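As structure tokens, here come the structures.
Two complexes are shown next, each including chain A; its partner changes from chain B in the first to chain C in the second.
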Partner chain A sequence: MGLGQEMRLNRIFDQRDGRAVIVAADHGMMLGPISGVQELGKTLEKVIEGKPDAILLSPGQAEDLYHLFMGRKAPSLLVRIDWTNTFRDRTYTLPVRETFFSSIATPRDALKLGAHAAVAYLFIGHEDEGQEARHLALVSKYASECARAGLPLIVEPMPFGPRVNKSNYTELVATSVRVAVEAGANALKVPYTGDPESFRDVVRASAGIPILVLGGYRALSRRDLLDVIAETLGVGASGVVFGRNVVQASDPASVLRDIRAIVHDGRPVRDVVAGGDLAKPTRLRVHPERCSGCQVCTAVCSFSHEGVHDWNASRLRVEGKWPGPFKPVTCTQCERCVAACERKALSRSSLGHVGWEAERCNLCGKCVDACPLRVVAIHDSKVKICDLCQGVPECVEWCSRNALVAMA
Partner chain B sequence: MGTGKDLRISEFVDQDDKRSVILQASQGIMLGPSGDERLDEALERLAGAGVDGIIMSRGLANRYSRIFRGRNSPAMIMSLDWTNAFRGSGHPLPMMRLEHLVLTTVEDALTLGASGVSAYFFVGYERDEYEARNFESLAAICRECDDLEVPLLVQAIPVGERVTKGNYADSLALASRMAVEAGSDLVAVPYAGTAGEMERIVAAAKVPALLLDLELKLAQGQPDLGLVQATGEALDAGSSGIVLGRRYLEAEKVAEAERLIRLVHGG
Partner chain C sequence: MNMMKLNGRGYAGKVLYLNLPGGERRCEDLREEEAKLFLGGKGLGAHILCQNLKPGVDPLSPQNILIFATSPLTGTIAPTANRFCVVTKSPLTGTFLDSHCGGSFGVGLKEAGFDALVINGAAEELSILVLEDGEVELRGAHGLKGMTTLETEREAKRVLGDGFQVACIGPAGERGAPIAGVFSEMRAAGRGGAGAVMGSKGLKAIAARGSERVGVYDGEAFTRASWIAHRMIRMHEVTARHLPQYGSANILETINETGALPTRNFQTGTFEYASEISGAEWRRELWARDTACGRCPIACSKVAAVKEGPYRVEFTDGPDYESIWSLGALCGVSAKDAIAKANELCDLYGIDTISVGNIVAYIMECYEKGLLKEGDVDGLEPTFGSRGAMVALVDKISKGTGVGEFLQNGVKRASEKFFAEKGDGAFLKLALHVKGLELPGYDPRAAQGMGLGYATSDRGGCHLRGYTAGQELLGYSGGANPLRTEGKAKLVIDRQNEKAVVDSSGICFYAFFAQTLKEVRMLVDAATGLGYGSSRNLEKVGERVCNLTRLFNLREGFTSKDDTLPERLLREPMRTGPAKGIVVNLEPMLKEYYQLRGWDEGGVPTRAKLNELGLA
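This part shows the complex of A and B:
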């Protein structure tokens, strides 16, 4: 890698940890004005408050919005130099009939726009193998021109097309990563394979070229999104490129702050979720049809609150006998216990759930009698009441079937 | 051949015995990673074991330039092209129709510090047009190599169903001679089947001919033979060494690679 490429790459990847949080906002060029990018300037102002390391734009938007990138503290600018219709699925206007990719700018054009890197796709799995060869030839040409221009090339290798299926997907991600590396990519944007073990193979295929994980998947929740980031960093990824999960968020800066806390500060996801701006859950929703009766929720509840496995110490219970049906019974935060307590030992806490103060309590048991679901209990001289684990309910965390869900 | 080519060839053909052992390390750009490779370790060990040259793709050359530093290191030979020919039935995208395309210019290879370049030439394409295109791109590379004085190694390989047991050696002779006439400075050819055929092909090549280690059966007529025996025969037939396939990047194959290096260079 030449000096220009190295210097520019170092403006994208943080010098302290070699990692990057990048926001992709180039969707309009391929999908039209989808939500979040209609008024891109306004969205980006909010995005930039969250301090991303770089933002990916089309050449036209880069020309229009370059003022957002002025100054040393501003994010770095990445410019997409190719185009494809691949992502126009049935939900978009003019769904794709035949996949195409085109070059829309040269690395030199991107350099003139002030870019710190050029970004291009590389698809493998075309039905017509000549298409794959031509796409690789285009990326190779970009690599050559980027080397001359002193501009890093970020390649987005991606298995795509009718030959790609569930069983070869992971292997093809690794294959496409290696193809991109050997073609001369200086960094990669890579889709997540779904589990850390297979992603480890993908990272190994990159021969040490930094891998940024794509947020193209639809995360179930922010927690889910942050978990994926932590998992991929754990097996050697160097950061993330998130698009819609950020630009379509109601508060992009808050999402980015949480992502940065994981990527750059190395904080555990649980702490970030508990301490972040995310709305805290105020109650649990139960889906009894999903419950397998495994009792992990009751075990983890007693363990996390009392340090022991004792179902009597658990704040919830699972009703039903093998082989089911089962029904988890949890506190609904109805506050009848609060109303029944004459000594005000029970109250709604600032975090939005019922809290218990030992000093005021005389263990009279009125709260236990008031609970319509009989989940409030006195055990070991303490009132056991669901505190939603101060914002990250462990029963929800551990339920493998999502029979328990935290509701804001 | 001018000064530049002569000097650069001497960087990967041993000057005492005029022989060479070249390692193919660029197949990842066509195939992806192989199961349990440890690329940097393997490259270092094989460089230490005494391979004369290593064929690299642009990206890997960049990444592992340290392997090539200093006068005692192997020379870097840059792979210029891409093909799906080596995607066998075990690959997630097995080849359906043979494709070949040039990806990198000779000038780029030279800029990146290569001592030589490598390209494929296939005969036996289902459609003759594809052979014509492959030859055309090969000839263009040859002219660029002449212009910049960069030596070219062509891997000449018969492929496909038109190649049978009966015409394999002839197809190989054709591919190799076409490559030479286009202007390649060295050729690498798979084993021809017998010592006699090997001798005929090596003699017809006129330029140094190396035995090419093919891991995959690319044509029905392609003969099977252990690489050690084939190497012995090829050397007896006058060939100038071998091109080792990427299976030699696997840790347990290093000892065999060392044996082959001794077989070629003696000692």
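This part shows the complex of A and C:
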């Protein structure tokens, strides 16, 4: 890597930890005016409050919004120098029928716009292998031009096209990463393979070139997002390039603060999700109107406590059958069970978690009778009672519809 | 291979063989090597069917075998894995049939102690089969006679008590209508006529419960794999937003824009009123609630209610994309209330909405072309777009009354009857089916790969065996040019093999939008300890199953000549939309398909291929 490339790359990745939090905001060129990028200037002002290390823009937007990158504390600017139709699934108009790509700027153009790095795709999986060859030639050309211009090249290698299938995808992520490295990438923007074990192979394929994980579609919950970031960092990723998850958020700065807390401060996800205060007592709140009756909560409750799938072992239940309505019924921590227990086998911790001590219990059933909601049960010679999973209730974590939430 | 028991490793470990009318039963251990070769669900069912059914049996005779199969993920926290499948020889097509259902009956079957239930023979009177903790009882069910699916399930649960899971048929299944499905929790194993086979065995319902608990091989790894699979569903646009918000009908307008929405009996691929029946419109006007199959975080199911007008519906499941399309665009109908009413009739009487919509559209075209007169169709005037005629015909087919008495036999038999009576070859040409199974909601002229998928699907004209529409029409995974045939053979084979794994593992096809085989492999290995180890090894299971069902169809007398499409799709150029002027160019795709499958020119798997797959 040349000096200019090294200096610029070091401005993007934080010197202290070698990591970066980057926001992608180049979607308009690929996907049209999706929410969040329509008034990009306004969105980015909010984004910058969250202190991203860099922002990725198209050349046109980089020219329009240059003022956001002025000043010593401003984020670095990354400029995309190519275009593709490949991400246009049916969410957007005109679903892609065949992947194409083209060059829209040179590394020198990007440099003139004040870029600290240029960003380009590299796809493998085209039906036409000639396309693959042309893409590699293009990226190699970018690499040599970038080297001449002293501009780092961030390559986004991805398996895309009809020859990618459900059994070769993960391997092809690693393969495309290696091809990008060999073609001269100085950093990589890579899709998460979904689990840390397989991603470790991807990191290995990168031969030490820093890997930034991309966000893709907008996640439903922030916890999932942060969870994924922590996992990838754990197996050697160097940060993230997130777009829709940030620019489409109602409060982009708060998302970025949480992401930075994971990437740069190394804080645990649970701690960040709980707003830094895990020591608060929690209670379950139910939103029955959101419930679809799927019973994931009851299955997870029984499996996490007992290790088997046993309806009777669940500490909550979902009432209602087709066509609904459905209603989750959970422990409200009214503590009538605790009060009813003459042998003090039930107790409540300072955080509100009810605990059961087998040695003190004679299975008399008074706690069961005392429960007004019938969510306490004796089954397999054990008292089954909601313990809020010691502060992070599994039913809440697994509910995809927020029908169950944990309230402080 | 170690001989550890399968019980507690995702499996119950036992298969129950039941002989009617006497009720002799035989319980066999599921062997580890069988499990590893065929996994469960479709694969296990295909294996059992091939081993136990004699070739050439009439599907509605007592000699046919009806199999209910679960998978090692059924009843676990793996997302969407609540499903069961019904495997038999189809009375509609005479081919292999697997039909899948999201209702909880499979969980009950497994908790009663069985991975699969294999029924041979027939009861002497209408009966309900009750399974509880390894015990089997056949009870007379005269009280259930003629009841709708909803009534049957409610009544069975009321009489039998808490905790029973029920699979049942409606009146159409009792009558042996070859388009009748098997229902559980108002979800249908709809296609291909499994409900008629169940009816022919005198079984109105099967109820199961038990104290067997589904355990897994490695609890920690299984929790982790389930979490990852759930999380991927929550992080993918299709499973986190499109399906929950607009159901499977979220794609309807896109399919129309790509010119692939079969309209007015496949006369064209664009429907001018498509925007009136889009998922967003259903959401805005008729959908009252979202519901989910057991353990499914997606909740693509909706509940529709029509509060006023001539087509009042208290509640009906969905309708889903295929039902909205078949009862709507295919019949030229855009009235959502009429579609909801027809959908309700199909669900309650227990028939397949795709088949019914095709039959109605066929009648409409025959009528408009002057081939049929009012007198042929009980005095109706079935023109395209007539909501009244559409609902009236669906009503007759559901109940098997009037003209419905022979229309309930499917579009192929109806067309053959008209041809025999009236002698006009047009009657045959206007019937859109492959091997007797009515076609689904993607016009293959606008998606060539779908055409190859229909022609080679093991149960006849089905979209869910080689779903290339994701790439060809919806732009997923970088797209694939829908009008070109190059590369489509490989695309179809990949999708078929993957889907066979999905159908053998018990998860839902929709979960697969967000996942790859890697996640299924992690779940299956953690649940079973069968040690597949890689996505490719699991894909091999899918390939094996596809070859096994092919062998079944060959032995039933099907040949490569049957791997074809209705003449309309091969000869009549598409009239409108992006595919205007195009027909399905099947021949080159099919030839390449056989080659890549390792089948000879006649579509017969080679000895080498069968050896490789352990099927020789």
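Here is the rule we use: the second predicted complex is superposed on the first by the 276 of 408 C-alpha atoms of A that agree within 3 Å, B and C clash if a C-alpha of one lies under 4 Å from a C-alpha of the other, contacts with A are read in each partner's own complex, and residues count from 1 in each chain.
Just so it is clear, a contact is a pair of C-beta atoms (placed from the backbone, for glycine too) under 8 Å apart; a residue touches a chain by one contact, two chains touch by 3 or more.
Note that the structure is predicted; figures quoted are calculated from it, not measured.
Peer 1: With both complexes overlaid on chain A, does A:K42 touch chain B (first), chain C (second), both or neither?
Peer 2: neither
Peer 1: Could you tell me if A:S400 is touching chain B, chain C, both of them or neither one (first, second, both, neither)?
Peer 2: The answer is second: A:S400 touches chain C but not chain B.
Peer 1: Between chain B (first) and chain C (second), which does A:A137 come into contact with in this model arrangement: first, second, both, or neither?
Peer 2: first
Peer 1: Look at A:G194 in the shared chain and tell me whether it touches chain B only, chain C only, both, or neither; answer first, second, both or neither.
Peer 2: second
Peer 1: Does chain B (first) or chain C (second) touch A:R16, or do both, or does neither?
Peer 2: In the superposition, A:R16 contacts neither chain B nor chain C.
Peer 1: Between chain B and chain C, whom does A:P325 touch in the aligned arrangement: first, second, both, or neither?
Peer 2: Touch partner of A:P325: chain C, not chain B.
Peer 1: On chain A, which partner touches more residues: chain B or chain C?
Peer 2: C
Peer 1: For A:R163, is the partner it touches chain B (first), chain C (second), both, or none of the two (neither)?
Peer 2: Both partners, chain B and chain C.
Peer 1: Examine A:V296 and indicate which partner it touches, taking first as chain B and second as chain C; both and neither are also allowed.
Peer 2: second
Peer 1: Once the structures are superposed on A, label A:I124 by its partner contacts, choosing first (chain B), second (chain C), both or neither.
Peer 2: In the superposed model, A:I124 contacts chain B only, not chain C.
Peer 1: Residue by residue on chain A, keep only those touching chain B in one complex and chain C in the other, then list them.
Peer 2: 125, 163, 168
Peer 1: Under the stated contact criterion, what part of chain C meets chain A in this complex?
Peer 2: For this pair, the touching residues of chain C are 75-77, 79, 163, 185-186, 213-215, 219, 223, 227-228, 230-237, 240, 242, 244, 251, 254, 258, 288-299, 301, 303, 315, 317, 471-482, 486-487, 490-491, 494, 498, 512, 515-519, 522, 535-536, 538-539.
Peer 1: Once bound in the complex, which stretches of chain A touch chain B?
Peer 2: 1, 124-125, 129-130, 132-134, 136-137, 140, 143-144, 147, 163, 168, 171-172, 174-185, 201, 204-205, 207-209
Peer 1: Which residues of chain A touch chain C once you look at their complex with the stated criterion?
Peer 2: Where chain A meets chain C, its residues are 86, 88-91, 95-99, 123, 125, 127, 160-170, 193-195, 198, 216-221, 224-225, 227-228, 292-296, 299-300, 303-304, 307-311, 321-326, 398-401.
Peer 1: Help me check something: in the complex, which residues belonging to chain B touch chain A?
Peer 2: It comes out as residues 26, 28-33, 39-40, 57-60, 62-64, 82, 84, 92-93, 95-97, 99-105, 108, 111.
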